[in-house]
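In what follows, chain A forms one complex with chain B and a second complex with chain C.
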Partner chain A sequence: MGLLDQIAEGVINGDDEQVAQLTQQVIEQNRPPKQILDVGLIAGMNIVGQRFKAHEIFLPDVLLAAKAMYAGMDLLKPLLIAQGIPSVGRVVIGTVRGDLHDIGKNLVGIMLKGAGFDVIDLGRDVAPEEMVRAAKEQDAAVIGMSALLTTTMPAMGEVVQLLKQEKLDGKIKTIVGGAPVSKDFAHGIGADAYGFDAANAVDRVRQLVGA
Partner chain B sequence: MTETFTFSPDEVKPTRETVFENQGIPPGITVSGPVDSICEQALAMLARTAAPAGITGEISAAEFEQVYQGEGRNDPNTPVGGIFERADHLALFTVTIGERPAEEIARLFDENEFALASMLDAAASAAADNAAKLAERRYGDVLRGDGWGAPDGGVLRYSPGYCGWHVSGQRKLFDYLGPEEIGVTLTNRFLMQPLKSVSGIIIAAHRDVHKFAASFPFCRECETRECRERIRALFAE
Partner chain C sequence: MREMETLSNRLASGAVLLVDGATGTMLLERGLEPGKAPESFTLSHPEVLEDIARQYVSAGADIVGTNTFGASPMRLELYGLADRAEELNREAVATVRRAAAGRAYVAGSVGPSGAMLTPHGDTDPRDVYENFRSQMQWLADAGVDCVCVETMLDLTEATLAVQAAKDVSPHTPVTATMTFDETPRGFFTVMGVSVEAAAAGLADAGADAVGSNCGSGIEVMIRIAEEFRRVSDLPIIIQPNAGLPEIEGGKAVYSETPEFTADRARLLIDAGVRIIGGCCGTTPDHTRAVREMVNEHQGAA
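== the complex of A and B ==
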């Protein structure tokens, strides 16, 4: 098994020390950073995602794998930036105005990063105007919104409307999710996608950016 | 009259099975060694950081009717609307496990300890539910100590945000009960802080009063169907 395969294996097993050590090793061998990312780290996370969707593993296993991936990414990121290698896409995420529940949003962010996206996490209780402003400033392709309360869900529609008003709805896509959010609700407010869980959200964002 | 009380972290400690279930792991699954170890760590952390406390306040049916109307956003027909008028006793309640578990969860996420953070979150949610169960039991025990309930009395709790009781109902509940006394406050979007808190009404009535069919419009969207289990438990006692 090659070193990149071993990195992927380390991610799958959630072995952050092994991933960090091997990533450092291949960096010192001058392997292209993009290759290390795609064939090692992301390849490992892709298998983790497939196993999760097949119910062979569960959320804690995915999160252990994500930690291992981050251990490699911490070493790789400065090289990717230095070489001007773009991410799969940039996504602004946040829990909507009035809502302080951020676990779901955090999990989506972790899994998006695991899939190679550049994630700007605005935190919780984020006003619609702030979501749109951040997406514009960061040149994000997607805004991801999370809500756990029916009373805060309308803020998602406000973001969609703001994008329309600024004629950005074709350029910046939107995805919504959270316990009370449904596909019908997403369709009703004009969001581009709905993610029923973190893994599904990653798939939908991939589709939105054509990755 | 309101009453405040505390529980020990051990009293609200959830079972491993409940924590795993909250993590989406079905019953009977053998988890990996690392996941098993993370669950143990999360439960130990919860025991160190949780400070469970509660407050109850008895309320008449007429007063509760005002509280229950809230901001006028409830579903037209709700189970509680048909139950509370036939209650023998009613008490508003709020319980919390305190702010520190949430602070730990945030810290762990910041340190990339995602699995432990998520497991602690699942454990903390279950602990808050357990605190609500204990408050319900405690109120029932007080009533039974005063001679109420034998042989067919049943005590169950209901919360805003569920079963057609709109979450905006929190406002009047808080105005009446004053759970700020145990450190729980309400945001302008009706969200309790600390997040791991539960509020609602405890209804003591003949157990038949608690029976209702899960055929309300909102029942179709309910994923837990927890009411079925709770009503069944009343009749198993």
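== the complex of A and C ==
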């Protein structure tokens, strides 16, 4: 197994020490940081996401994998910045008003960062007005919203409406996700995209910004 | 009014006991804004809580829960209410006690801390124990008849809560329930706890009854109950949702009617369940329908 595969394996096993050590090793071998990220860290995290969806593993494994991925990302970040790899686009993300669930949103955030997006995380329980205001101020291309409660999903529609009122729809795109959210729901409220998991969210956001 | 028999005696007698249904979803109906701490209602609208508790008592609940599911200091911290924790627990118990008026037992409800424990999370289990211990002490001081540790996902966290309750008040009965999802390999909590592991771990920690609440409607709960029966000798407690929520006109609605619930609750009793209640979406009408069924069932037996 190549070192990058071993990094992916380390992420899957949630072994942060191994991931950090191997990442350091491949950095010293002058492997391109982007390759380490994509073929090592993100490839591992994608498999973790798939296994979680299939109920093969549970939340603790996902959280440990995310920690391991961070351990590698922390080492890569300065290199990616130094190489001046341009941001693919700016995304404002948050869990919607009234909702305190942030584990899924955080995973989406990590994966977007990994994919080269500039991510501004507004945290949880974020009011629709706040999402729109932050996106305008930060000149973001996309607003990403997460909801885990059936009762908080309607707040996503409010954001879409606010953007329409301010004639920003089309300029600032929206993507929604979270366990109770469906493609139909996303379509119904007029969101531009729906992401069923973190990896899929990255693909959809890429499409939204045409990257 | 006659002195109530102790809850421990009632449990030991083999009777089927009814716990009340939902509080949280009822509060949403009565003006709680989604995302506000349900516990904030204890101080702002005690009359609403007393009314809801009264409705459950009138409907025939033997045990009525307090509005303290999220009233542990760590959980309240998420809403910036941690400094009101003691007051919120004390007042919530007092409110239900007024409504129960000696006709029902008062159960201190205790839900998850909201923190993720090490190693996968960042919170030290000792801090989680202290968190629960504070809440258990306030509930005990306020005079609850029993404690319901509920909607737990992490077995370590659940056992810490049960232990804290028993350390504070060894003779107060404690029920402990976890929330399971159906997977291709059987029932597990999202943290990966099986029914068997839950039954064993909660019993070890000192729980007097074990089972499941929230997360599913009654039909799935019947199967979860059967699994508990296979692996545990303790009384089983089951509190189903009134189905899973669906969005209609911007509001969450639950589809299982009181009649449907009462009909299926019969199967819960057949599966050996001894404490039946409700979770999200259930109402005093559900309690009343189950009460009638249980009365008939026990009359017939």
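Just so we're on the same page, the second predicted complex is superposed on the first by the 124 of 211 C-alpha atoms of A that agree within 3 Å, B and C clash if a C-alpha of one lies under 4 Å from a C-alpha of the other, contacts with A are read in each partner's own complex, and residues count from 1 in each chain.
Convention: a residue touches a chain if its C-beta (ideal position, glycine included) is under 8 Å from a C-beta of that chain, and two chains touch if they have at least 3 such contacts.
In this text, all values refer to a predicted model and were calculated from it rather than measured experimentally.
**Q** Determine, under the contact definition given at the top, whether A:Phe58 touches first (chain B), second (chain C), both, or neither.
**A** Touch partners of A:Phe58: chain B and chain C.
**Q** Have a look at where A:Pro154 lands relative to chain B and chain C in the superposition and call it first, second, both or neither.
**A** After superposing on A, A:Pro154 lies in contact with chain C but is clear of chain B.
**Q** Of the two partner chains, chain B (first) and chain C (second), which one does A:Gln165 touch, if any: first, second, both, or neither?
**A** Touch status of A:Gln165: no partner.
**Q** May I ask you to decide whether A:Gln50 touches chain B, chain C, both, or neither, giving the answer as first, second, both or neither?
**A** Touch status of A:Gln50: no partner.
**Q** On the A-aligned overlay, A:Phe185 touches which partner chain: chain B = first, chain C = second, or both, or neither?
**A** In the superposition, A:Phe185 touches chain C alone.
**Q** Considering only touches as defined above, state whether A:Asp99 meets chain B (first), chain C (second), both or neither.
**A** Both partners, chain B and chain C.
**Q** Tell me the contact category for A:Leu107 with respect to chain B and chain C: first, second, both or neither.
**A** In the superposition, A:Leu107 contacts chain B only.
**Q** Quick check on my understanding: which residues of chain A belong to both its chain B contact set and its chain C contact set?
**A** In the superposed arrangement, which is not itself an observed complex, chain A uses residues 14, 58-61, 63-64, 67, 97-100, 149-152 for both chain B and chain C.
**Q** Write out the stretch or stretches of chain A touching chain B in their complex.
**A** 14, 58-61, 63-64, 66-67, 70-71, 97-101, 103, 106-107, 110, 149-152, 182
**Q** Going by the contact rule set out above, which residues of chain A touch chain C in the complex?
**A** Residues 14, 54-55, 57-61, 63-64, 67, 97-100, 125, 149-154, 157, 180, 185.
**Q** Quick check on the complex: what are the chain C residues that touch chain A?
**A** Listed in rising order, the residues of chain C that touch chain A are 28, 33-36, 78, 114, 116, 119-121, 153, 181, 183-185, 188-192, 245-247, 250-252.
**Q** Could you list, by residue number, the parts of chain B that touch chain A in their complex?
**A** Residues in contact with chain A: 23-25, 29, 31-32, 34-35, 38-39, 105, 109, 112-115, 117-119, 121, 161, 167-168, 187-191, 193, 195, 221.
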